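Data first, discussion second: the structure below is written as structure tokens.
Letters A, B and C mark the chains in the order given here, with residues in each chain numbered from 1 onward.
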Amino acid sequence: MSRHEPIGPQGLRQDGRRADQLRNINCKPSVLSQSDGSSYIEQGYTKCLAAVYGPRETRQKAQILHNKALITVEISLAPFSMSERKKRKKFDKRLLEIASAVKQTFEPIIMTNLFPRSQIDIFLQILQYDGGMTQICINAATLALIDAGIPMLEYVCACSAGIVEDTTILDLNNSEESLGIPELTVALLPQSQKVTLLQLETRLHVDKLESVTAMAIKGAKEVYKKLDKTSRDYIGDLLQKSNPT
Amino acid sequence: MSLNRVDKRKFTEIRPISIEQNYVNKDGSALFKFGDSAVLCSINGPTEVKVRDEKLDKATIDVLFKPWIGSPGTNEKTHELVLRSTLESIIQANLHPRTLIQVVCQVLMDDGSILATAINATTMALINAGISMRDIAVAVSCVICKDGTILIDPKEQEIEENQSFHTFAFNKVSLNLLFCESFGVFTEKQYFDCYELSKTAAQEVINEIHNAIKYNITNGR
Amino acid sequence: MSTQTYEAETFRKLQPQEYLRKFLLKEVRPDGRELKQFRQTTVNLGCISTTNGSSLVRIGNTTVVCGIKAEVSVPKQTSTKEGYLVPNVELSPMCSPKFKPGPPSEHAQVLSENINRLLKSASILDLNTLCIHEGSAVWVLYADIVCVNYDGNVFDACVIGLITALSNVKLPKATFAEEEGLVKATEELLIPLNLSRLPYPATFSIFDGQYLLVDPTEVEESVAHEVITIICDEAGQICTVWKVGGISCTPKHLEKCISIARERYIEIAAIVENEEKSNNLI
């Protein structure tokens, strides 16, 4: 297997981006009719659909929480989403781990105390995968939760960053992820400037930690701008349609 | 294909039918055979139902279809759906609200037309169990050969060799179509020819069922 | 005697059958369609680039994504010159509140089975064309159909999705190197599949024994239990007739369904052709 240079001579990456450039984001809320809230996000070639159901009745009596809502997250990777077809079982450990990280990210943000004894389900379906699973799941879930009208403290925006030969790069795609370089995913609350999730894969020298984190936070802020604009435009449209005068 | 069928039957002739009732010790049971295809159906009910499956205004009908060899797969699940949908329209389920009628079909021998055999076996078992029904369902299969001949009640070998496979289930009272499954490639005319021939053959099956019931009543259980 | 008036939504939840009846008496359906009208259908080809062929089909709100991936495998013992197609339908809890997480529901299994039967019996693709080297290497096409939004008539969407995705598949030219026992394929030369038949479906339900509803929505499906599906091909021949539930179907109903299915075929073929043209222009 040949090793491509992640950063070419002109400082451009394999897909033509600069080191600190985010992939193109395309997002749209309210794409599914059956769920309470939904969204579709494309970050580069990674495509993800999110559906939110809730608050609704808890399925299992044993799991009812008396003072707040139960949040469940389920991530499903379509068998055709990666270059090698893999029929992932629902209990694939990697997906469960990411789902658990997403759930823990949203638990303090969603105002669950407003809906005791109920359940909020977040379903994420990855249709095409080209890197950045955790970050796209979080971004898609944020937009879907906004569409569902579930009260949250703030947006949660996520982005990944890595470092290769002393250059920090932003928003890794699949081929960059498979190089085995350190990858850091950050989920940020953009207005209060707080970090809710920080995930690191492989080893990173502690001296480099700050610069990589700073890069990821910068990326997350750009994601926030995009998500915010999309939400405002969408809600603006809705308001116009209901109040034509 | 050939002018003669493998077992020397006429094109529109069904295989010899054999019906046995009270085959097992359940509320109702019947063994129905189309020649070498045999399905045993047993009925349990109306009986107690799990709270999550309970329906307030009618009986819940649950069907289990067990194949001859191997473990149940999507094919068996489809047969279960077919049987359940057919029975839901026929059984007077509103007479037994909040109960369960459990239907189990076990294939004993498979020589083609197994779904038709199963539907007929279920009908006999329901009559045997004494569950009130609006109507009864009788089913017959057929195939269309590459040269256009229609063969009623095909054996496994005839199904494998031919252009399309059809199963029809009719109700006795009005001979309306209860269920139809046709896969293959065929014209509209061919389809309706199959329909008519199957309807005629279904009449024969109804007669056999009548005879079996009469026999049971006159000779006592 | 007291009478109560309800809001339409409440009435729909309490008495779904009466609710539908009130519309049908005026010869219209709850979503405003006529009895014989199909919902707006759109097809998007080649939307998933990690697949060999893909399509996104929308019938009204019902949305289905079909992705086909090709792998090389050893052929089955009984047919050494043929490749094979493996379809699978997924109805995840995301597409509707009716579906709970867990193993595939009965609905999904029945859909998978019927699609499998259609592929086997309607000779859509000559499996010999998938052979790379007899007895050692054949193409296996995995067709995964994922429903993302369930608003009734998923079967139609799945069949259209599968057929359009198959027509979108381009396989690299593969040669079998006997000495090494390896299959080599070149990405540059892509050959589309040669489909011998393009069947498209039409689904109906009969409500109250008299109203024939074309392309039922989820609301209509839950009260009209008599379902008829007809799949026909470009020559007007029929590939599948599937009818379950209910006791009111007569040959007249079937004749009407078959003639509507034929008109629907022309509609779908036009939609697909337009999509292919605009795809080629890009």
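Basically, contacts are C-beta pairs under 8 Å (C-beta built on N, C-alpha and C of every residue); 3 or more make two chains touch, one makes a residue touch a chain.
Predicted model, so just to flag it, every value in this text is computed and none were measured.
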item: Intersection of contact partners for chain B and chain C; value: none
item: Chain at the geometric heart of the assembly (C-alpha centres); value: C
item: Separation of mean Cα positions, chain C and chain B [Å, integer]; value: 28
item: Rounded Å distance between chain A and chain B, as computed from the means of their C-alpha atoms; value: 52
item: Mean-CA-position distance for chain C and chain A (Å); value: 31
item: Touching two or more other chains - residue numbers and ranges from chain B; value: none
item: Of all residues in chain B, those that touch chain C in their complex; value: 74-75, 77-78, 80-82, 85-86, 88-90, 134-135, 164-166, 171, 174, 176-188, 191-192, 195
item: Complex contact set, residues of chain C against chain A; value: 48-51, 54, 61, 63, 65, 67-69, 71, 88, 92-97, 100-101, 142, 144, 146, 148-151, 218
item: Contact set on chain C toward chain B in their complex; value: 106, 109-110, 112-114, 116-118, 120-123, 197, 225-226, 233, 236-251, 254-255, 258
item: Touching residues (chain side chain A, partner chain C) in the complex; value: 31-35, 45, 47, 49, 51, 53, 56, 59, 74, 76, 78-83, 85, 90, 121, 123, 125, 127-130
